[in-house]
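The structure's right below; bear with me while I get my questions together.
Read from first to last, the chains carry the letters A, B and C; within each, the first residue is number 1.
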Amino acid sequence: MIDATLLTNDLCRIRERSPLVHNITNYVVMNNTANALLAIGASPVMAHSVEEAAEMTGIASSLVINIGTLSNKWIKGMFLAGKAAKQKGIPVVLDPVGAGATAYRTDTCLALIKDFSPDIIRGNGSEIMALVNSNSQTRGVDSMSSSGSALESAIKLAQQTGAVVVVSGSTDYITDGKNVATVKQGAEMMTRVTGMGCTASALTGAFAAVNPDLFSASVHAMTTMGITGELAAQKAEGPGTLQLHFLDILYRLDGDTIAGQLNI
Amino acid sequence: MIDATLLTNDLCRIRERSPLVHNITNYVVMNNTANALLAIGASPVMAHSVEEAAEMTGIASSLVINIGTLSNKWIKGMFLAGKAAKQKGIPVVLDPVGAGATAYRTDTCLALIKDFSPDIIRGNGSEIMALVNSNSQTRGVDSMSSSGSALESAIKLAQQTGAVVVVSGSTDYITDGKNVATVKQGAEMMTRVTGMGCTASALTGAFAAVNPDLFSASVHAMTTMGITGELAAQKAEGPGTLQLHFLDILYRLDGDTIAGQLNI
Amino acid sequence: MIDATLLTNDLCRIRERSPLVHNITNYVVMNNTANALLAIGASPVMAHSVEEAAEMTGIASSLVINIGTLSNKWIKGMFLAGKAAKQKGIPVVLDPVGAGATAYRTDTCLALIKDFSPDIIRGNGSEIMALVNSNSQTRGVDSMSSSGSALESAIKLAQQTGAVVVVSGSTDYITDGKNVATVKQGAEMMTRVTGMGCTASALTGAFAAVNPDLFSASVHAMTTMGITGELAAQKAEGPGTLQLHFLDILYRLDGDTIAGQLNI
């Protein structure tokens, strides 16, 4: 299903074009996000204020909105940036961190989706389920839902919103509401490093900036995350060293490594 | 004094239950805090806004409030979360970063203590002294006070507030106003890594979430910090690699390592 | 041109005095900034609120203002801290991150410069050019300008503002409007780690805190950055490990290493 050559082509385009990815993201992972985008060859920029969020989006090639540490002022910047991205016609990725954990998070995500229709929504199972069904239970930022029902929710959310929906887990699902791709890469230890999901969303923004087929871009981003993560975990003695190896391996990732590591 | 078996029991409970620790903490260390909690086996969540701070505390097993990069909006979230924690009956840890350095910090800590009586207060000597005696001198976020007078202040603060008070330093003191435990673990190089004190407070939140004896939980948290830090420093070439080894070692920490490393 | 002995003398002074460097900086790099200052032997403190920014500057030995993730509340704190620094007579470093990328950033920098005349301004070529000529093009936070015209802009900015101006790039230029020093150290891979420029500004704050000759302090800071970065890059397998080696090497940097590594 996943074509190593097409993935490598996207990776080369990121490195050649170094697309500017505008991130309005959370305090916890900003550093990780910026470093992952730099390691893969993209250019990160962070700017959240209403005074400049739209203008910054105007010079970017994609926009990633992540609600991890939410507050009202930042939400205003998210709306303005989302609107600017749609006017410019660049792809928007939404990461609904902790949707379902509090009403504030769920409601904010639903309002953002309604307002500017993000092109890609990436979350874990409980977050995606919370966006479809506000009765689902989220426990903090971790997923408790079975991947089966998460996939059903993802398909429903894709159909409702028109977005490509990505559900992360030990198996990742990518769907446009009709087609479903599965990515079976990655390592258990990645769940013990903060912000791996946020990094996945940021890298999805980089791939979406160079590949107009957003379903394919999402599959390539999640496969890159998984391959890089499993190679990093093999070298790591724990979640501390995993983080660094992740960046080093992402920086050096090439077609041969991708082809050799791909689980078909 | 410190029982390796009881400490290991707490560690196993953290890994089994993966308690959700709600952190309202500072921008500098959020990433470290989240990673340390993940490495030990707990689940971190960060949410500071008045719109959701109380609701997030409502699904957590403990609350850690750290005033490192303070502003009025965040203080409001701290009050709401503290109140919610007390209503729910979960332990609250307060880290009075830089108390004494500015009136704003000292006053905020005193107001938080008065409002909801944190169960555990962990700081360095000068911070603890500042909370007892506003005439003491603090120099930024570093301690200049002798540990002798810091211990006296800690005992006094514990008696005044009913909290377990932890003073970090080359020797850590834990007191409930009556009993005093000392922890002599750790390494000098830890002082050259930002946020080690904040990590200690976060881990204290994890131990407090699984051990209702908060004096014992605090002793176990500080011992875990010290043992992990000294093992990390032995492997490290400097403060950069120390950080990673710290997370790796914390992730792998077991009863044998604890028993072998404990200074009695 | 660059004297290893004088640089080493500054480094020793930083380690002996451990100057408190007050940083009002961006969310992305706060952790890096604090760790770099700790690794070199200085004491970092971060405090941005109007309630305490001036008071915190009052106990510091230098002030570093970095506009990386700007918002109106933080700008107010920057003005208050800048004023307090000037009243106290301690050096102020301004890092105009992303100046030229949005009007908000350019205007804020120009207003800060007009208000309290920072002693040192450090940016990349496009940022420095944006502060002299608002018609120059900035692309996010990366430089696209030729170093030639950037140097001309730096000289002009130094003459206009009275500040020592530092332009970072593969070759760094330091100018007081009359004299120009060049630093040819560093490694390409440093551009793939976020916040290296911000770290340079923070270290400049540390050197300025112990060396009243701010031209010399800036040259020493940039040389230290470059030497540390190139040694780290030699040991690194990618941008992940580069970060750690950078801190380890900075922590251990001594006169012999500096003398041996200096490109004359």
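Following the convention adopted for this analysis, contacts are C-beta pairs under 8 Å (C-beta built on N, C-alpha and C of every residue); 3 or more make two chains touch, one makes a residue touch a chain.
The structure displayed is predicted, hence computed values, not measured ones.
Pick same or different for copies chain B and chain C, depending on whether their interface residues overlap by over half.
Chain B vs chain C: different; shared/all numbers falls short of half.
Nearest 5 degrees, what's the C-alpha rotation angle taking chain A to chain B?
120
At what distance in angstrom does the C-alpha mean of chain C lie from that of chain B?
Chain B and chain C have C-alpha centres separated by 32 Å.
For chain A, what residues touch not just one other chain but two or more?
27, 31, 243-244
Under the stated contact criterion, what part of chain C meets chain B in this complex?
Against chain B, the touching part of chain C is residues 20, 27, 30-31, 34-35, 38-39, 43-49, 51-52, 55-56, 59-60, 73, 243-252.
Spell out the part of chain B that touches chain C in their complex, as residue ranges.
Going through chain B, the ones touching chain C are 26-29, 31-32, 68-72, 98, 101-105, 139-142, 191-195, 236-241, 243-244.
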